[in-house]
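Here come two complexes built around subunit A, the first alongside subunit B, the second alongside subunit C.
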Partner chain A sequence: MGLWERINQNQALINQLHRAVAIVVLGLVLIWLFFPILWALETSLKTRAATVASPPIYWGFDVQWQNFILVWTETALPTYIFNGLFIATVTTILSLILGVPHAYAISMYQSRLGDASLLLVTITRIVPPITILVPIYFIFSSLNLINTKVAIIIAQTAFLEPFVVWIVKGSFDSKSRSLIDSARTDGCTKFQAFYKIMIPVSLPGILSATTIAWLLSWTTFLSVFLLATGPQAQTVPVGVFELAQDTFTPWNLISAAAIIGIIPSLAIVTVFQKYIIRGLVEQ
Partner chain B sequence: MGKLELKNITKRFGDIVAVNNISFELDDGDLLVLVGPSGCGKSTTLRMIAGLETPTEGQVLIGGEDVTNVTPKYRDIAMVYQDLALYPHKTVRENIEFPLEMRGNYQGDKEKKVREIANTLEIGEMLDRYPSELSGGQQQRVALGRAIIRDPSVFLMDEPLSSLDAKLRNTMRSEILQIQQTLNETMVYVTHDQEIGMTLGDKIAVMNDGELQQLAEPKVIYNEPANEFVANFIGSPDMNIIDADVRESDGAVEFTTEGFTLRSSSISFKDLIQGVDKNTVRLGIRPQDIYLPENLTWEYNDDQTFTADLTLIEDVGSVSNLHVEVNGLELMVQISGMTDLKAGDSVTLVVDMEKLHFFDKKTEKRFTDTPRALAEAE
Partner chain C sequence: MNMNFTDWKEYVQNMRTSMSSVKSLSFDKLLLLPSVVYITVIIGVPALFLAYLTVTQDVFSLFLDTRFVGLENIISVLTSGDFWLFTGNTLLYTAGVIGIGIPIQLGIAIALNTDLPYRRVWQTLLLIPWTIPFVISTVMWKLMFIPEFGVINHLLIEVGLIEQQIQWFSGTGTAYFTAIITTIWIMTPLGTTILLAGLESIPDNLYEASYIDGAGLWNQFRHVTLPLLRPALTAVLVIESMLALRGFEIIYTMTRGGPGRSTTVVAIDIYRQMIRNGNAHYAAAEGLILVVLILIVLGIIVKGLSSDTELEVE
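Right, the complex of A and B next:
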């Protein structure tokens, strides 16, 4: 009997082997994911000279904490952050107000309109945003809404509402129909059954959709880049990108801005983390 | 107050007829059990009484009022569901209170009423727990409490016991019956379990393929099934139903099947076969109505016996099911207690001639409909 066969026969050994492999793979994935962030953190603490040093300096450099203060006071970062928070929050709220009832209608009622709606929702998820770039620009341009937060909110809601519908519908679908029936025979109208029973019971899915929609809005580059031409409407991803346009690129400041930009995301995820997993698993 | 009437109720989903022209009346305080196999339309019928579905044709009347198009909220009903449908995000107290809250017009002390109901159902200690923390039986009681708290005109139950284990099912069944009788509620209980039907209801309605097969008291349904379907569906094990030729010979009536012949001089049979096309009879006899000679206390003669081979014995404890075969014809016999017989033995069997059922081969309907069974099925 070969060594491999002998190992396979011993369940405990196999389990240990699986664990070891899982840990190694997980470790590699974590390094892959976190290395850019760590590198950005390092870069944000370097002097300009240190950032472009070749070969790259990984440690032992002079830590420049003031980069963070500099980027806050010397650039439009506070404005970008405010814009981003405003846009993400309003977009998310709008997407929920439209998306949750939308998902409910599709989930609860068999109708051709519902099927058509679901098809549209799915198509929105499939079509790459960049393909409709030009038409979107023209629409907002003709409305004189270029470089306004309103335009960005509208554009983002158009993308994120279907996303919300997608997740929330999955959550609604997984609930037993008798819950709603029961609410109705207990005296609820269809609408009361919706907000008194279905929504509380599907809260994990709804909060999960909320969090992810917010994060998607906060981190989106394309729609903001397209529709915002100045600091009135620009958000962190685009603002940070603009900083890099100079011939003299301040990588350390850019990295500092990026690190600061992570903070709201971290905050949101920390608050809602248990719902995110539950919500995604419900499908 | 709690009178329930269904008049010519039909429900179509596109081309599919789920419920076909059903009518019946329930008096205040009656318990009707609606039985039938899966897909027969019983749940759809229940949902139309509740208002969760609207009939394509026909009327529903509760307490004399036409509620056919009224939403569930404005019908004086309560319903218990197969999966109980307790609200997971609400405590037991909030679950039970919910109908009082939603129907809005309760004048008294809600808290007190909830406590009363909970104590009656022996879940008084659980009021602040969540449904997920309770056992199956306790959850069942919460569902019941939620339904009875408003004391509705009609109480609807959609197979509420099927998710429970057998022992618990029996306990809960008695409890439901007790509640119904104490509160004198009009109740419609839907189930696929014919045993529940036989033990629970004042009346049973048997449905199949969207149609009402028979509506009568359990005794009548059992002793005078209106057609082959009802005869087979009610009673366990299934009734033996076989083709038989009917003949008059020497002043007696002879029934000849593939495997045996029975004769009787009884007048009732002579009346029965008047006008019957002699070759289109289906003979039905329940396993419990065939006996081993040694178990009999009454007199019998050779005309009502036949011999068969025993192929299998199922000893179920208080009864034994004997699978017998005669001339290729397979029959089931149920005797009380056990027997020393073994598979392969040849047995003499005695048929209780008074318990024979006859069905028309073409229509599958019973030949002698008692006036009562006929009237209630209409």
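Right, the complex of A and C next:
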């Protein structure tokens, strides 16, 4: 019997091999995923001279923690962060207020309007943002709304709210209608059935939608890039982009800004990891 | 007018039923109306304006004086040789991302589809690149690719694969490579997570049954895994190719569309036409054509993966 046949016949052996391969692959993948981040961290702690050293310095350099202070005080980074947090939070709240009832209505009730609205939601998800941002840019431009946070919130909500509807609808769909029926026979009004029964039961799905919507808003580039021209409304991705394009900004500062820009993402992922995965899979 | 009592009773009853059905219709319609109104206005109005921009041209300036030109704008986009260059670039980029990226993600998902400890930990870690703003990820990769002091060249030289610094951003092929690798890096969490979830939903007893029927590892993969993975694979393919087709910030941050215009994709050109040239009509037409392009590619993917085609695996 050849090695391959022997392996094929022994299920336990296959599983052991699989686990070994899994551990190796996981290790490699983690290195692949984290090396760029760690390298950026290293770069952010170097002096300007050290960043352009050739060949690059891996260790043994003077750690400049003050780079982080420098990038915080010398650039508009704090403003970018504030803008980003504000826009993301308001957009998410707005999307939830609009989207959750919408999802409930399509999921629990049948109507032609409901079907049409589902079509509308699906179409919105397929349209490339750049295409719809062309007219939006010109409309906002003539309304003098360029470079305002309000404009960006309005635009982003339009993109993210259908997304929320999609995810939350999936969550409602999987819940049994009998929950509502029994609540109604117990004397609930339709609205009470909605917010007292369905929402608490579907909370994981709603949290998934919330987390992903927030992240998408925080990280989105195009809508901010086009609709914001100055620090009043620019967010972190655009800020880092501008820093990187400016040939006078040294790489250690750019990296420091990048690292700071990652922190909210990391925080959200660590806390809400379960919901993010759920939301991704629901697609 | 003589309505007798029975007619009257019927009349009132009909009113009652239609009113209560209006009432029960009202509740769910009330729930979805704000959302529908919002989307219709914020997306619909620009969409109409997009159509308007596409079929008009300026006489003097925007909004003030435009004349109807029908399909002229669309034709001028389609007959501009540049546009086909950009379309080709877009398709090349997309092909690179999904052609290289998805097999890698599938491989990782298959490898990880087993009983590994600390699941929560590594799942969280795997997710992180996706949650970082794309621009920041690209900036990190750009730092590594810079010719003289970037780590990538250095590592390649150390390992002995190359002798001279590769000028990543000066050559078309290498510039594509930088953009594609970065995009794959960013997409890895997404694809791996979805495919892994798909793999885990395949019941073990199916593998056992096929094993009893005499199927070895490879045949199990072909006849159990792949067919059942089809929905997840389709989802990953659709999501990633759509992201690549409309991709702007990764390429723009990495190469600026260069060298020259060799990595300029359609989205970048739309941006340039709109902001640099102020050419709203051309940009609008181009945007519209991009939508059509995406729909065509989407159609090909969905058709190619529909249930009547055999998943050929060589």
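Following the convention adopted for this analysis, the second predicted complex is superposed on the first by the 268 of 283 C-alpha atoms of A that agree within 3 Å, B and C clash if a C-alpha of one lies under 4 Å from a C-alpha of the other, contacts with A are read in each partner's own complex, and residues count from 1 in each chain.
Throughout what follows, contacts are C-beta pairs under 8 Å (C-beta built on N, C-alpha and C of every residue); 3 or more make two chains touch, one makes a residue touch a chain.
What you are looking at is a predicted structure, and each value in this text was computed from that prediction instead of being measured.
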Query: With both structures lined up on subunit A, is it a clash or a fit for subunit B and subunit C?
result: fit
Task: Angle at the Cα centre of subunit A spanned by the Cα centres of subunit C and subunit B: state it in steps of 10 degrees.
output: 80
Message: Going by the contact rule set out at the top, does A:Ile130 touch subunit B (first), subunit C (second), both, or neither?
response: second
Task: Would you check which partner chain A:Ile197 touches, where first means subunit B only, second means subunit C only, and both and neither mean what they say?
output: first
- request: With the two complexes superposed on chain A, say which partner A:Phe61 touches: subunit B (first), subunit C (second), both, or neither.
  value: neither
Touching partner for A:Ser265 - first (subunit B), second (subunit C), both, neither: second
Message: I'd like to know which partner A:Ser182 touches here: subunit B for first, subunit C for second, both or neither.
response: first
Task: In the overlay, work out which of subunit B or subunit C sits against more residues of subunit A.
output: C
- request: Compute the least Cα distance separating subunit B from subunit C in the superposition and give it as a whole number of Å.
  value: 6
Task: Identify the overlap between the subunit B-contacting and the subunit C-contacting residues of subunit A.
output: none
Statement: The subunit A residues in contact with subunit B across the complex are 176, 178-179, 181-189, 192, 197, 200-201, 203
Field: In the complex, subunit B residues that touch subunit A
entry: 47, 50-52, 71-73, 77-79, 81-83, 85, 87-89, 98-99, 101-104, 146, 156
Task: Report the residues of subunit A in contact with subunit C in the complex, numbered from low to high.
output: 7-8, 11, 14-15, 18-19, 21-23, 25-26, 29-30, 32-34, 36-37, 39-40, 43, 51-56, 97-99, 101-102, 104-106, 108-109, 111, 113-114, 117, 120-121, 124, 126-132, 134-139, 142, 154-155, 157-158, 161-162, 165, 190-191, 194, 215, 218-222, 225-226, 236-238, 240-241, 244, 251, 254-255, 258, 261-262, 265-266, 268-270, 273-274, 276-277, 280-281, 283
- prompt: Inside the complex, what are the residues of subunit C that reach subunit A?
  reply: 24-25, 27-29, 31-32, 34-36, 38-40, 42-43, 45-47, 49-50, 53, 62-63, 107-108, 111-116, 120, 122-129, 131-137, 139-144, 148-151, 154, 185, 188-190, 192-194, 197, 211, 216-217, 235, 239, 242, 245-246, 248-249, 253, 267, 270-271, 274-275, 280, 283-284, 287-288, 290-291, 294-295, 298
